[in-house]
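Take a look at these structures.
Okay, so chain A shows up in both of these, paired with chain B first and chain C after.
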Partner chain A sequence: MFVYSLLAGLLFGLYFSLIGLGLNLVFGVMRIVNLAHGDFLMLGAFVAYWLFTLFSINPVPSVFISFAIFAVVGIPLYYLLVPRLLRGKDPEMLSFILFFGLSQVIEAVATISFGTSERSIPGGELGQAMASVESFFLGTAVDNGPVEIFGQTFPAAWIVSGFASGLAVLFVYLYLYRTRIGYLTRAVMVNREEALATGINVHRVSAIAFGVGLGLAALSGVFAPFMLGSITPAMGVDVTVTSFAVIVIGSLGRPLGTVLGGLIYGVSYMLMQSYYSSWANLLPYVLLVAILLVRPSGLLGRQVRRA
Partner chain B sequence: MPRTVKHILCVLPVIAAFAVLPAVYENHLLLFNFMIFMMLAQGMNLIYGFTGYLPFGYVGFFGAGAYGFALTVVHLHAHPLLALLAGALAALALGVTLSPLFRLSGAYFSIANLGAALAVYQVVSNPNLESITKGPYGVSLNGVFDPTFAYTTTLAILAATFGVIVYVRNSHFGMALQAIREDSISAAMAGINVVRERIVAWLLSALIAGLAGGAFAWYVSVFYPETVFSGEFTIFAIVFSLFGGNGTVLGPILGVTVLYGIYNGVGISTPQYFQLIYGALIMLLVLFLPNGLASLLRQWGIDVP
Partner chain C sequence: MLRNAFCGGLLAASIIAGPVFAADAPAEIKLGTLYASAGRYASISMPVHYGLKLWIDQKNAEGGVFVKAFNKKIPLKLVAYDDQSNTATAATLYNQLITQDKVDVLIADSGSVLTSVAVPIARDHKMLLIDQTGTGANFFTPDNPYIALISDPVSSIWPKPLADFLTQDGPKLGIKRVAILYATNDFTGTQANAVRKFIKDANAGVDIVYDQGIPTETSNYTVLLNNIRASNPDAVIHLGYAPNDIAFLRNVQDSGIKFKFLFCIYPGLETELLEKNVGSKGLNYVFTYVPSSEISYEANFGMPLKDYADAWQKKYGNTQVEFGFNSVAGYTTGLVLEKALSVTESLDQLELRKAIFSLSGKLKTLDGTFELDQNGAQVGEITPLGQLIADGPNHVKFVTVWPHNVSTGKPVYPRP
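Right after this comes the complex of A and B.
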């Protein structure tokens, strides 16, 4: 049971890192709090659901489609909302309220269009995708059932989701540390004014980061039906709070700290599920408050206290 | 005429209206809800408008007050007024527990407060605690059901709330809070005890929400954890005070009257359309009118108390 919880926790941890990553990127670059993060995740999940239901498209290609759609949506949305917000007196606080409004709008529109019923995608679909990739490499037919690791069996969907999350995190690392735009993005993260003074087009860099952030939210949404259970238009708020717990544990404003936060969160969540399942729902909130009080800058963080 | 007297004269008609209206208008629940939202909006005004901290889990105090009231009645069979006191104490205790959150800045405070409110909700609604809190199945307080008495008590609490706001608006204490909001370091240099003033404002705000929660529990007498911990109370309080104008006496009253009035007047049957309109309204307010109606009126040369 312990080994099972630990391994499942690591798989879920990778997934939770992915969920938090987009939120943390947006906060790190723009110092604005995207409270609609969970709702973009929900929209990504619905993209995957409709692609699967209407055109029988496997969730794996949907990952790229969701990411592309929301990365493209994110850039105009940035120019629409953020520059005006940053002119205000207290952008961080106002962004909180503004994106809360956006989250309400998205949730309402999604409920009006999709209804409140719970939806899901059969987990076998991801297993199918994994089996075909495996048989491509191994040259033999592989069955798409549960997978065994260290004597524990896990649904194939978990393995694929965890693996894909790890891959996505790797891509974000490459974007931030191995490309020119990533270099500029990190400059903006460290000091916005100095970046501006150096001649960096801060709005362009931020708009791209915003697009990538929303894209990552939507991308992680594709795996939501397998990792978080069924999807509904109202799921966004819980996801947003969970993402906050994850990134606060790692460190707000440092995208790669999210991975540590996600892994810690995933493992402790699974251990709670196994040993104290009736109190497991309490975990994200208590962890969030406790970490903020004890170490507000997160485990890897820089200073955030003021006054 | 001193400013304080002028401000009291501004809020007196509101109190008088709530005292007279039940005689001529039969939907008492609606009037009661107006009073509850005015209290919550003023409590939000006190903490967000005067200190700049946005408590995103403000409903936690409301729920603590409601459950403090309900559990005292259920377990101790106390008199409703005593139970109301217990509700207020529960909210104050939660406020004291959460006061370390003030070490955090801006958004961190809001997030932590939201997490704390959700944690309280999870504890209260946990089926394991059914013997104490009745868990997710809700409480029923038929024994103390007395709408007229509850209404009168709520009116008294509302009047006290307005009194607190008028005091804060016109006193040294309120000026100190605003100074801290603008620049806490300069305020400390000027000899203001930053931590103490903030905590006092916070506890007053928690007290208002706790009393509102207790009164709500008394008046409706049957409710579930998700009723009194519903995030909508926080949202309403934020939107109403933001719309009217934070940091003023009349702003939140104006916000509740106009927005909650429209909401009930239009009678939106589908909650999603209502959610859509409110979400859009919040976004427009933040982008175009971050200081609310009060700032608009001031631009036109009308002084808003």
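Right after this comes the complex of A and C.
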């Protein structure tokens, strides 16, 4: 029971790392809190759902499609919202209000468009994609059922989701540390004014980071029907709250700290489900309060401003 | 002489009373209710709300409902607010309906969670709460006359057929170890308490080997399923709302775990929704309640099931709100109100209660027999135990397995 909970927690935590990654990137670069993050995740989930329902497109290609759509949408959205916000006296506080409003608008429009009922994609679809890849490399037919890791059996969707989360973390790492735009992004993360003074096109860099942040949210949404049971237009708020807890645990503004936050959250959640199941959903809030009391800057907080 | 005077007096009284009677009649009967267009309870709230609206539209098209107190038909006015599945918002809006809108009839939102906040508010304001589907047993107490459960049986009697099956037929089938996983809210928590008690009281050699409560917001069951499997049960009972059941059954399917007996509530209540999300393969051989949307009860008032289903499809066929148990519940609320208004002496809340209680045991709708106990809890409608059998790639059919007198087939155990 303990080993299973631990492994399940790591896989679940990887997924929440993926969810938190975009939120933290946006905060790190712009110092704004995107309270509509969960709603962009929800929209990404619906993109995957409709692509599957209407065109029978497997969720794996939808990962790339969702990312691309929302990364592109994010750039004009940035120019529409963020520069005005940053001109305000207290952009962080204003961002709470603005993105809360945006969250409500997205949820309302999605409810009108998609209805209130739960929607899902069959669990076997991700397993099928994984089996196809395995078959390609092994040269033999592979079952699309659950997967065994260290003697414990997990749904194939969890493995694909965990793998995708790992790749996304790698992508963000390469983006930040191995590309020119990444260097510029990190410069903006360290000090926006200094970056501006050195001639960096801060808005362009921020807009790209904002687009990547939304793209990551939408990408993680593709896995939501498999990891969170089903999707509804109203799911965004809960997701935002949990992912906010995850990034605070890791450290605000440090995307790679999100991985640590996600893993801690995932493992703690699964252990709680096993041993104190009635209290499991209190966990994000308990961790949030605990980390703010003990280490307000998060577990990797010392390096926040150095990026 | 005396007789003439008496007759004259009576005539004069009736002439005076006539115009006063009509003048006192309100221009409309205000029905106040809440619904959840978003959030966790939207999928159980919207069908109930739409069912109620269908009845209101029908009655208004006929010129209103007949109200005995005023001896005339009066149009209905619906005052409805969206609580977004939020109990705090719901509490504010219930207060608003009573104090600002001054509704004549207060109707709760669907489900025990959103009804729970209305119970004390209605009681404090001495308003009768028309409880549509809030079935938590603790809502109904001898000291509270301001509540009546209209469209669902009280939670404490829901699992009786399930428990009877497990304790009577179960041991013969080899069921001796039962696991219970339930969401900790009034609706499913009450059912968990009831099924636990029924099983223990039966003393039939059936043991509860796993018994865990989880938050209603739980959306991932993989670890819980592994823990249940470790307890090696012969039967697994999962008691949750529709989103819980969807996540639970999808996780069962994805994990490759095969339980010999699996019971969930919502595959029976919102079958169409579950078919869409879980698929017939995931629902195949799952035990569930057989709801009123699947059984054609002989109604002595209102549309029978088939006509109502047709009316629903005509009105809401293009919406994304599925027909099911809850859509029947909303319409049933309307029928009970209609009948009560036709016999009530006034719109006074306790008179309305008296009128509703007077229907107990006599009114039969498409939802079954309407019967209340002395505390206002619904005890007439029953929830037989059924098993779902795949009938095509995206459809399942019901086989009623308990009680034996209404059964339509034998249970398949263990689940293949």
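We adopt the following convention: the second predicted complex is superposed on the first by the 301 of 307 C-alpha atoms of A that agree within 3 Å, B and C clash if a C-alpha of one lies under 4 Å from a C-alpha of the other, contacts with A are read in each partner's own complex, and residues count from 1 in each chain.
Note that contacts are C-beta pairs under 8 Å (C-beta built on N, C-alpha and C of every residue); 3 or more make two chains touch, one makes a residue touch a chain.
What you see is a predicted model, and the numbers here were worked out from it, not measured in a lab.
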item: Combined model on chain A: chain C and chain B, fit or clash; value: clash
item: Which superposed partner A:Ser103 touches (first chain B, second chain C, both, neither); value: first
item: Touched partner set for A:Ala234, first chain B, second chain C, both or neither; value: second
item: Partner chain in contact with A:Pro155 - chain B first, chain C second, else both or neither; value: second
item: Partner chain(s) touched by A:Tyr49 [first = chain B, second = chain C, both, neither]; value: neither
item: Partner chain in contact with A:Leu293 - chain B first, chain C second, else both or neither; value: first
item: Touching partner for A:Thr111 - first (chain B), second (chain C), both, neither; value: both
item: Which superposed partner A:Asn281 touches (first chain B, second chain C, both, neither); value: both
item: Which of chain B and chain C A:Leu81 touches, first, second, both or neither; value: first
item: Segment of chain B intruding into chain C (one of 167-175, 221-229 or 239-247); value: 221-229
item: On chain A, positions contacted by chain B and by chain C; value: 107-108, 111, 278-279, 281
item: Touching residues (chain side chain B, partner chain A) in the complex; value: 52, 54, 56, 100-101, 103-108, 110-112, 114-116, 118-119, 122-123, 126-128, 184-185, 194, 231, 235, 238, 242, 270, 272-273, 275-276, 278-283, 285-287, 290
item: Chain A to chain B touching residues, read off their complex; value: 33, 81, 84-85, 88-90, 92-98, 100-109, 111-112, 237, 241, 244-245, 248, 252, 278-279, 281-282, 284-286, 288-289, 292-293, 296, 304-307
item: Residue numbers on chain C that touch chain A, as the complex places them; value: 36-40, 42-43, 46, 84-85, 184, 212-215, 217-224, 226-227, 230, 242-244, 246-248, 250-251, 253-256, 273, 276-279, 319-322
item: List of chain A residues in touch with chain C within their complex; value: 1, 4-5, 8-9, 12, 107-108, 111, 114-120, 122-124, 127, 145-146, 152-158, 226-230, 232-234, 238, 270, 273-274, 277-281
